[in-house]
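Below you'll find the structure, written out as structure tokens, and then a few comments.
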Amino acid sequence: MSKQPQTSSLLTPVWSRLSRMEPIYIILAAIVLAIVLSNPIYADYGPMMQLLRRASPLIVLAVGQLFVIVSGGFDLSVGSLITFIVLLSALVLNTHPEQVYACIALCLAIGIAAGSLNGLVVSLLKVPSIIATLGMLLAYRGAGLYLSGGSARGNLPDTFRAFGRETVYGFPIALIVVIVFGVFAAWILHGTNYGRQLFAVGTNPRAARLSGVNVTMVRVVAFMFSAVSAVVAAILLGGFSGVSTAVGNGYELQAISAAVLGGAVLLGGRGSVPAVIAGAIALHALFTLLNIWGFPKPMRDAVQGIIIISAVAYSAWRR
Amino acid sequence: MAGGGEAEVNQTSGLNGSDNPAECNAGGTIVQLNKISKRYGPVMALENVDFSCRKGEVHALVGENGAGKSTLVKVLVGAVMADAGECTVNSRKVVFRHPADAQKMGIAIVHQELNLLPDRTVAENIFMGRELTRNGMLDRRGMSNKSKAVLERLNLTIDPDTSLRDLSVAGQQMVEIAKAIAFDAQVLVLDEPTATLAADDSQTLFDLVRTLRERGLAIVYISHRMSEIFDLCDHVTVLKDGASVLSKATSEISPEQLVKAMIGRDLEKYYPPYGQVSDDAPVVLRVANGANNVLHGINMHLRKGEIAGVFGLKGSGRSELAYALWGSPGFTSGTVETVGKLALDLCTPRSAMADAVGFVPESRKDEGLALSLSIADNAMLPRRTLDGAMRHTSDANSQDVLSVFKSVGLDPADRNGEVANLSGGNQQKVVLSKWLLTGAEILVLAEPTRGVDVSAKAAIYTLLRQLADKGKSIILLSSELPEIVGMSDRIYVMRGGTITKEFARGADEAAILMEAGGSTSAKG
Amino acid sequence: MQKVEHGTAMMMSLRKQWRDIPPVLWVLLVMAIASYPLTEAFGRTGGFSLQFLANVVERSVTLAIVAVGQTFVILVGSIDLSVAFVISLAAVMASYFMQGNATMILIAVPAVLLMGAGIGWINGFLVTRGRVNPLIATLGMGLIIQGILSTSFQNFAGSVPQSYQIIAYGSLFGIPNSFFLLLAVAFGAAFVLRKTRFGAHIYAVGGNSEAARLSGINTDRIMRRAHLIAGLLAALAGLFLTSRLGSGAPWVGPDGIYDLESIAAVVIGGTILAGGRGGVFGTIIGVLIFGLIDSLFNQLGIDPYLKQVLRGLIIIFAVAAYSMRSKDEVA
Amino acid sequence: MLFERIARPLMVALVAGGSFAATVQAQDNNEFFDQAEYDRQIQLLDAKPMGPEGKPWLQSMMDNYRDTSQYKKEGPWVVCFSQAGIFNPWQVVGNQTMKEELKLHPKIAEFIMTDAEGKDDKQIADINDLVASDRCDVLLVTPNTTAALTPAVERACEKLPVIVFSRGVATECPVSYITPIGGYAFGAQAARFVSENLPEGGNVLALRISPGVDVLETRWSAAERIFSENDKIKVIGAEFTNDDRAIAKSIVEDYLQRFGKIDAVWMDAGATSAAAIEAFEDIGVDIPIFTGEDQQDFLAKWKEEGLTAIAPTYPTFQWRTAIIAAEMILSGEPVPGPIWYLPQPTITNENLDKYLQANMPPQHYALCGCEEMEGYPENWGGTK
């Protein structure tokens, strides 16, 4: 991002600060402004919180996805992992509604397992992550539908659904989850040696390996992070919408688009958690705006397609 | 990205050339390069170089790495365009914008790394991009027959329908040559053709080259190996620091003179004085019978505060030894001892680091640095790895970090800038500081000055010597003989995957070069 | 030493005869044979008949056509994730243009094929000129198509005339027409790859792009044409699917997971993802293996969703089987 | 500028597509509307069913029996069933009911089922497989979509007796097509209720399961007519939910976002009514007029919130009838055909309590006709 601007030395400080600023924040501001202009009620606290609450699963996912993207890969399996987790918890909690926290722990464990599986397939079997995770996408979807016999079964108790639906003092619980997760992720990626290693692996895996970095381990952890984010998102989404066989559909690509919007560079090496959070909010806000303007839902796919292509084309062009 | 068809031989200038009588000194000269200059950033790769080759002549082109050989060849075959100077083929002035242009004029090259399709047949490779068709369909029989003819003309009995994968390296190289000359080439450039060949395979290659000479081709032959140059070549041109310093018939000079011409340089201006390492200085590293799939019988040791040089030509196993000392991949048999402890574990870089070894790989850009990351993030990487993933090793507020940057001559202030924006020399300093930050005692440096301009080289040499004097022990692996001789307190020479000879400091370069080139072995 | 060269050469040319038969053929045969006792013993819809095999082929035709197109892009060292959506587009457009009117077939079919080729070309353009990673370029293109398509059609769009359904349901001398379509595509593609300069250049570019460039081949153009073919055949598959379904809808492509399965079939068929090695017949065999698995699982009454899980894993391991040995870093 | 060169073709494609979208948007296929059939169904709603009292799955609304002696066969029989898929709760309950019904038919020695996972292409192949196997004495089909499956069913009819239910095909070749009174009746009842309860008009949102299924298309086309007759009513949208809670809820959210106010939600199926209601709760606006089906979670909501609601039904007991019809055909008894009209009760405020079953799971359908069967309620996920 930080390229030296060719301007008079007098202007330089101002300039560099502007040019260093991630464009996403400006984009986000613009979109939110557009929303408020086309529908003033969004200026109020309530609707704005609504909007953020609905964005929260995407935020969590995008942050998780960021880790994999920084490592140079993709994780397309998160969408159906979400569905799998929701269906699974619905079945588990249907028989023992009181075991909500045990169930959440179980789901997180599954997430960690799933993530490391992805990571190992990519680093040891050398399967390109986009293929590997697409394969896992099929597998998880199948597994979920197999468990539930192909249709939404079982039931999610309100204690579980609270995470996605309830608020404390008018502040959505989902947002609290997002903040905790976001801060943790930011610390890992920007505040630890692991984070630095991840960036190195994403930029030049060979150099990283020759500098003693355990590339396999670093990758596996990145995929774990993304899978766990999928589980968290699943808890929020399941809470929001209840049992469903389509709850996770399309989230994998939304997450990638959001990360890209947030300045993450596909195929590795660049990205920051705050910017990606902004990117996720921006994407959701953009969808909301399209909706308010009366664009049919499927148009969102097209928008995402344009975002990822132009993002990659742009970074290819900058080099 | 320019596609093949786009560039065309510059006809107009060709005409200009022909009505210029000065150019018309044919005398069997096919290609004539006049006053060629080429600059890469700060580095002057070629400066007013003249070069020409005649029909039926094998013309050796020699010089140290970085002397400008490859650049000159690239100009000759149209892979790069010269900044200044002109090129005439059969006394017609031409401008090559794309290798295809040079091919059209009958100038072909065989690169060091083979440009072939292992999964296709010999015929398909020979006709790649120039396939024959009969009424719209590929004419396989036609191509196969023509290939057979070409191969036979070269006295090669390779079945054109074999898939290339099934041929030996030598066989594949023959095919590459056949491909190059299949379309009546007049000039054939061979870039270190024997680098990857075993001795007897080389003989087959020499036979082939002689055949071609009889056919009246002009052959430009790049090599370090004295034996080849004197056995095979009629004429030799020596490049040094981008200039042509000698061009004689091989009959008129001796190997020693040739080597002088290649090296002849006052080393003092370049290299710091040797260190004062007594023979009873403790041995910090000893390798006994180290071997893996490429290396065998590696026996070497390193004393504290010493710079031990390892010289070897391409394909001698030098690079492999560097990796082996860094455990990526390591030795598969033999023992490695280090001071204090036996059996230093070199199975992964991680363990090598833990044993206070540091490594500067051959290719800075591919193996040394993550270019789009900051100086600090690159330099700190190994240290952070050692410190553990969940801690945060800050680059700023720890004094030793800043002092290391200062000591190697990097300004700590711009440690957050991208390494990509640094000069080659400074980038190499970043790589070096990685290991100063981990407090490595033993440094394994592979080609530490490759692609670095002259002044930066000097700086790095001084730095290395300072480190050695401070008690670091350094293994310097390089294909640049002067740097080996200029820096090393002791010199190992490698050939054929093992260490063949050890020289004392300041040994005679010619002797070393002959040892490395195996001049004795290939004779007779 | 030249003697040796000669000797080996002889042996090679002998062994070559064998190598021309893709090794997976044996896998297929073994599976087919194994399925005989299985179906006889546990087959719920009864024995192992010629009809059974015929159905295996018939349910494979659509995938086969796409996979052949996918073979071209993979051979040239690229990939196409947009095929599934191109299929939807073709299916919808076909039935929308026709609206059950037989005369429209003559306009609809070429129009749709043109559309597919066009999209393929744009993919190629993005990859070569835009320097966009092919996975991203085609994935994005797929999303764009899907978005526009499902915006325009929420429902089955029109329908195809009876006469058009002959392609899928009619038969000639007792052999279903779909077989002939399949053979035509397979042999057509094989011809292009084996008998034309373009085919040779595809292998050259996929095998070693730099070598191809140095040999004067316009690698970008080859790349674009390969993508164009993939798009074209995806459209053709869409046309066939429409004739089978009688009408096109925006979800027919993604429902069939044609993108992933075509890639898997190609890889299983022995074409390496890096490009430069492989061929059409391997791909066809790969497709038939999928078809056989499908029918078998049906026969044995294995839960369809469990089957989906197995599918995903098969795809991963098919790719792994070839990529595992590679030394270089993968992300 | 390279960036432009990439962007341009994309933009072209997009603009082209977009404008194309705009033009095509208008087209809406009413091919499914059939006035005569519509009127017939409206009459049948008030008709008196014939057949055993209290056993609606055996009753028929019309006296149109078909001779089946040519299919008479000595048992034991093999019954084959090509199922579109089990992707919504309605099908889950139906399958369970069918499983239990099978236990009552010892003469059916074997029951072979294939599941098409909701994919037309696969179901076509499945039917071919089943027919090709020559083992089936009778074939039951629940078509995934109407147009796509018609040719396959027609080919099957040539080989063996076919019974179609749950969804229809565009051919009369099956011996019997088992259906409740039908989609027109369903859609019309719900639509009438809505427009009667909106005297001063308002915004109506229509939520549908999935396109291309006759029994669903008829529901909507009937409703569409009735809404169009009442010019005070504005249909702000008709969207497909694929019978999925998540999709349904987010659609309702989107429309609330866009229009601020929704006065009635018309649904062609009940599975997602409860989810749709949640959207109003979460955003904190009053729950408008709702139509649904006999699914428990909706009925419960209805009761506790005292909604203005109606629930026409598409009873799951037809899954029993299918098996019964199979046995009748194979033993040569006449069966109602080509269409067997089953009763189609409607749930209103008056009879709500009768169908509300607290002991059954949220996704259970009240009209399974399974209350007297073995293993009720456990096998349907309920508690005694």
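Each chain carries a letter (A, B, C and D) given by its place in the written order, and its residues are counted from 1.
Please note the rule applied: contacts are C-beta pairs under 8 Å (C-beta built on N, C-alpha and C of every residue); 3 or more make two chains touch, one makes a residue touch a chain.
Please read these numbers as outputs of a predicted model, since none were measured by experiment.
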item	value
Pair joined by the larger number of C-beta contacts - A-C, A-B	A-C
Distance from chain C to chain A - Cα centre to Cα centre, in angstrom	32
Chain B and chain C, separation of their C-alpha mean positions in angstrom	44
Interchain centroid distance [CA atoms averaged], chain A/chain D, Å	36
Chain D, residues touching no fewer than two other chains	2, 6, 10, 14, 17, 115, 117, 239
Two or more partner chains touched - positions in chain C	126, 130, 132, 144, 148-149, 151, 303-305, 308
Complete list of chain pairs which touch one another	A-B, A-C, A-D, B-C, C-D
Residues of chain D defined as touching chain A within the complex	2-3, 6-7, 10, 14, 17, 85-89, 91-92, 115, 117, 239, 242, 244-247, 249-251, 253-254, 257-258, 260, 275, 278, 282-284, 361-363, 381
In the complex with chain A, residue positions of chain C that touch it	126, 130-133, 135-137, 139-144, 146-151, 250, 257, 260, 263, 273, 303-313, 315-317, 319-320, 323-324, 326, 329-331
Partner chain A, residues of chain B touching it in the complex	326, 328, 348-350, 352-353, 359, 361, 366-373, 377-378, 380-382, 384-393, 417-418, 434
Contact set on chain D toward chain C in their complex	2, 5-6, 9-10, 13-14, 17-18, 20-21, 24-25, 27, 29, 80, 110, 112-122, 124-126, 128-130, 132-136, 145, 147-148, 150-151, 155, 211-212, 239-240
In the complex with chain B, residue positions of chain C that touch it	1-2, 5-6, 8-10, 12-13, 16, 19, 128, 194-197, 199-201, 203-204, 207-208, 210-221, 276-277
